[in-house]
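Working notes for the structure below.
By written order: A, B and C. Residues from 1 in each chain.
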Amino acid sequence: MLHNKTIAELSADLHAGEYSSEHLTRIFLARIEQFNPQLNALVTVTAEQALADARVADARLKAGTAGPLTGIPLVQKDIFCTKGVKTSCGSRMLDNFIAPYDATTVAKLRDAGMVMVGKANMDEFAMGSSNETSFYGPVKNPWDTAAVPGGSSGGSAAAVAARLAPVATGTDTGGSIRQPAALCGITGIKPTYGRVSRYGMIAFASSLDQGGPMARTAEDCALVLRAMSGFDERDSTSVDMPVPDYRATLNDSIQGLKIGLPKEYFGEGLDAQVAQVIDDAIKQYRALGAEVVEISLPNTQLAVPTYYVVAPAECSSNLSRFDGVRFGYRCENPHDLLDLYKRSRGEGFGPEVKRRIMIGTYALSAGYYDAYYIKAQQLRRLISDDFIQAFKQVDVIMGPTSPTVAFNIGEKVADPVTMYLSDIYTIAVNLAGLPGMSIPAGFVGKRPVGLQLIGNYFAEARLLNVAHKYQQATDWHGRVPPGLE
Amino acid sequence: MALSKSDVEKIAHLARLEINDADIPLYANNLTNILSFVEQMSAVDTTGVEPMAHPLAASQRLRPDIVTETNQRELFQSIAPQVEAGLYLVPKVIE
Amino acid sequence: MEWEVVIGLEIHAQLATRTKIFSGAATAYGAAPNTQACAVDLGLPGVLPVLNGEVTRMAVKFGLATGARIAPRSVFARKNYFYPDLPKGYQISQYELPIVGQGKIQIELDDGTTKTIGITRAHLEEDAGKSLHEDFHDLTGIDLNRAGTPLLEIVSEPDMRSAKEAVAYMKKIHSLVRYLEICDGNMQEGSFRCDANVSVRPKGREKFGTRAEIKNINSFRFVEKAINYEVERQIELLESGGTVVQETRLYDADKDETRSMRSKEEAFDYRYFPDPDLLPLDVDDAFIAEVRSTLPELPDEKRERFIYEYGLTPYDASVLTASRELADFFEAVEKASDGEAKQSANWVMGDLSASLNKANLEITNSPVTAQMLGGMIQRIADDTISGKIAKEVFEAMWNGEGDADAIIEKKGLKQVTDTGAIEQAIDAVIANNPKQLEQYRGGQEKLFGFFVGQVMKATQGKANPALLNELLKKKLSS
C-alpha cells in the first residue's frame, strides 16, 4: 500500500531502490483515475509530463544526485502558474489560460525533483471556504461525500486525504490551507507572510496571501515547506532570511512548552463536540509535558469584518487585470470597449468573486475609503498587537481551526456572511502575518476535526515540532477515509 | 446601510462588471448584508492607531538597473484573444 | 474686465534608466511592438513588481537640485482605472507620500527679471503603453513596450501668469533634468511632456477660477499655443456669460485649438490605496549624502559663475548655460582661445549657433570643434586676421577645409600690418579718385568710408582696419 506511506517513508524507499519514481507515479495516477471522478479534487491531470519527470527523477536517484523530495508525486493548487499547463484558478476567466511561466514555488519544487501529477480544484480565485465557488464544480470531502472539503484549497486537501498524492500545495489568505486541512483530516501549514514567494501565485489579497504545503504529517510538511521557502528577488515582500532545516528540530522536547488558549476561541459559535475534541487534544499536550494557560485576544470578533474589507479591497484591484485584452476569457462580439470589459468580466467571474470585487470597489471609493479601508487597517493593527502581547506570555497558541466540522454541500451557499464566519479562527492569523497550522485531532461522527496551532513570526520550526510531537503520540493523521484504503 | 439598485449599478460599472438586471436585487441584498456585518468595525475607537498595510515592518528592496528580460512576445501572444502585427487588439478607443 | 491667467504644469519626465521601473525589461525607444513588454509589464496573473534602485537615485537627484525635502519614507499606491494601455487595470504611482516634497526653481523672464516658481512635489510612477488607432479598421492596437517605463511627475504650484512664463518654466526643468542626466529630454519621443492646468480670474481676485487640464503637450511651442488658445477660450466663455467646466482637454496642433476629451469626461474615482505588492520606500541620510556628492554644477550655479568668472552679461550667461552641452562647449572654446571669453561667447552664440540651426545639428555634432573655434579666436586676438576675415575662415572650417591656421595659410588671409604696403595702397586709391578727394577735402567727410572700402578692396580685405584708418586719415588731410 504505497499510497498510504508518508513522504519520509517513500523517500527512503526510493533512495534504497525499492521501487522507482515512475512506479510510484503510476500508482498515484491510477488512484487519480479511479477516485477523482467522484471527488473532483483535481481539475487537470498531467500524466504524461509526470511520467517523464519521474524518469528524470529516477535517473537522479540512480546517479546519487537526488534530494529527499526527488521522485515524490505532488499536486499543485491551480492558483500556481505552471508553464505550458492550464492554470485556471478555478475560474471560467482562466479556463483557457496556459501559463507562459512557472511560479517560483513550482520551479523550486520541480528543482527539488518532485513530480507534479496534476492541479487541484479550488474556490474561484481562492475566494471561498467550501470549494463550491469553483467553475469546475464542488469538490467532495473524501470522508463524507455529502460534505464540503473546505476551501479555498479544498481540492488539495481532498487529494491528500484521498491518497491521490502524498502532498499538495495550498494557499492561505484567510484560512484556505488550515480550514480544508481540518475538514479533510490532514496536516497543513501556512507559513509567516514573506516566507514563501508569491511570484506566480495568482493574487487574491496580496498582503494576506501565503503558500504552504498540505500533507498527512507534520514531518512531510517540514520536508516540503523547506523546499518551497526562501528569498525570491522577484517578490518585494519575500523575506531574505535563511530557511532552517525544519525536519532537524521535529523531535525537540516540548517539555515546559507554554500553550495559550484564547478564551475568545472557545466561546459562542463553537460546536460543542468540536470543543470536546479540542479539549482532548489539549489534554494530550499536557500529558506530553506542556503547560496550558488561558489568554485573551480581545479583538477576535473584529477579525472577520476587518478581513472582509482588506481582502476585497485588494482583490478588487488585483483582479482588474482580467479584462479580456491580453489573456483569459473574452466575451463574444464586444460592440465597444466598455462592452468588452463588462461582459468579459461579468461572464468570466462567478458570483462570489463579483461580490468581493464590488465590496472592495465600494470600500475604496471616494467618500468611503476612510470609514472602511483605513478603519480596517487600523483594526488590523489592533488585531496584530493582540498576538504580539500574547506571544510575550506563551510559545504557541492553540484552538479549533474551524468552529464546526465540514458542513454539507449547498448548506451555506445562499448566505455569504455565515460562510465567512466559518473562518473566524483562522483569519486573524493572516491579518497579523503569523504562521499557523492545522493538524488532525479527532472526529465528530464521520467528519474530521482540526486543531489549530499559531506560532510567532518565523516560528515554523517550532510549530512543526509541536505538531510532530502530537502526531508521535496519536494516530488521527494516519486514519484513511472509508473506501479509499 | 442598504444598497439600492442604482448603488449596485454604480459599483458594478466602476468595477466593469456586467450584472444582469434580474440578479441585481440579490446582489443588493448580499452586499448590504456584508456591509452591515462589516459595520461592526465602526464601534471601535481607533483614534491614533497607525493603519497597517503590511504584516511585516520592512522596507522596499531595490533592484539593480540591469536588463534581465528577453523578448517573449510570441509566447505571450499565443494566449491572447486577438493580436495582429504584434499588437493586442481591442474595440476602437475613441479619444 | 481685466483677466489674470493662472497656470500650473505637471511635467512627466521619463527617467533615463536601462530598465523599467518595476521589471527587468529594456526601455530602449523604437523596438518592435510588445517586444519589450515582459510578463510583469503585461500584468500576467501572478507577477509582482520590484523597484528599480536607479529610479530612486534619480528622483533624489532632482529633489536635491530643487532644494526639496526628500521623504525619508514614501509609499507606492495604486491608481485604479480601466484602459487598454494600462495592463493591470491600475497604475502604480505615489499619492499621499511622494518621494520629493516641496521645492522651487527660478526662471528668467524676457525683461531680464527672475521669478521663483514653486514645485509642489515630484513623484515616481509607471508609464502606460500606447494605443494605435490606424490600420486596424474598427479596432485599436495596443503596444505595451512603454508600459512600466519610469516617470518622474513634477507638479508645479499654480505660480505662472502667462504662457511665456509656463514655457520658461518648462524649459528650465528641461534643462535641469538634462544637466542631472536623469532624462534625455527628447520631446519627439515623448520623454518629456506636460499637462497644463489653466484657469483665468478677474484681476485682483484671490480665488482661482475653474481650471481645465490640457493633456499631453510635447513641445515648448505647443505649450505656448495651447495655453494661449485655452486662455482666449475661457475668457470668451466667461465674458459671454458662460462658465468654465472642470475637464480634460486635448490640444490639436493641426487646428491650433483645444477640445474636450469626451471619453475621459466620465467622473473618475481612482480608488487610490497603498500597493500591497510593494513595501514603503525608505531613503536614509547616507544615501542622500551619497547622491548629493554626485550632483553636477547646476544651471543657476553655472550661470552665476559664467558672469563672474568670464565677465559675461547675464543674458549671455543664461543662453550659454541653457544646456550642459552648450556650456561645456563654450568653456572648451574659451580655454582654446586662451581666455578670450567675450569673443568665445559671441562666436558660440552667433555664427556657430546659426550654422548649427541651419544644418539642424546639435552642439555635440558640430563639425567645427571647440578646439578649432578657439584657435581661430586666438588669431583674431593676435591680429593675424580681422573679424571680417574670420567669418570666411569659420565658413571654411565648417566646410571641413581644416583648422584656422591651415586655412589662413592656404588662402593667404593673413592680415596686412605692414605700414608701407598699406600706404602704397592708399596712395594708389587717392591717385585714382581725384574727384572724391576733392569733395572730401571740400567737407564731405562721409566719403572717408568710400576710401576705406577702396583700400580694403585693393588689399583683398587683409589690411588691418585700425592701421588703415590711422594712415588714411593722415594721408587725406595732408
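The criterion applied here is as follows: a contact is a pair of C-beta atoms (placed from the backbone, for glycine too) under 8 Å apart; a residue touches a chain by one contact, two chains touch by 3 or more.
The model shown is predicted, which means the values in this text are computed figures rather than measured ones.
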{"item": "Chain of greatest Cα-centre distance to chain B", "value": "C"}
{"item": "Geometric centre: closest chain by C-alpha means", "value": "B"}
{"item": "Which of A-C and A-B has more C-beta contact pairs", "value": "A-B"}
{"item": "Between chain B and chain C, centroid-to-centroid distance (C-alpha), Å", "value": "41"}
{"item": "Rounded Å distance, chain A centre to chain B centre (Cα mean)", "value": "23"}
{"item": "CA centroid of chain A to CA centroid of chain C, Å", "value": "58"}
{"item": "Multi-partner residues of chain C (each touching 2 or more other chains)", "value": "39, 42, 44, 50-51, 82, 84, 142, 269, 271, 276, 278-279"}
{"item": "Residues of chain A touching at least two other chains", "value": "97, 100, 207, 233, 236-237, 316, 320, 323, 325-328, 337, 341, 361, 365"}
{"item": "Two or more partner chains touched - positions in chain B", "value": "14, 16, 53-54, 58, 60-61, 63, 72, 76, 82, 88, 90-93"}
{"item": "Footprint of chain B on chain A - complex, ascending", "value": "96-98, 100, 193-194, 207-208, 233, 236-237, 239-240, 299, 301-302, 304-306, 308-309, 316, 320, 323-328, 330, 334-343, 345-347, 349, 351, 354-355, 357-359, 361-362, 365, 371-372, 374-382, 384, 415-417, 420, 430-434, 457"}
{"item": "Chain C residues within the chain B interface of the complex", "value": "17-19, 23-26, 32-40, 42, 44, 50-56, 73, 75-76, 82, 84, 131-133, 135-136, 138-144, 250, 261-263, 269, 271, 274, 276, 278-282"}
{"item": "Complex contact set, residues of chain B against chain A", "value": "8, 11-19, 23, 27, 30-31, 33-35, 37-42, 44, 46, 49-56, 58, 60-61, 63, 72, 75-76, 78-82, 88, 90-93"}
{"item": "List of chain A residues in touch with chain C within their complex", "value": "80-81, 87, 89, 94, 97, 99-101, 103, 198-203, 205-207, 233-237, 313-314, 316-317, 319-323, 325-328, 337, 341, 361, 364-366, 369, 373"}
{"item": "In the complex with chain C, residue positions of chain B that touch it", "value": "14, 16, 53-54, 58-69, 71-73, 76-77, 82, 84-95"}
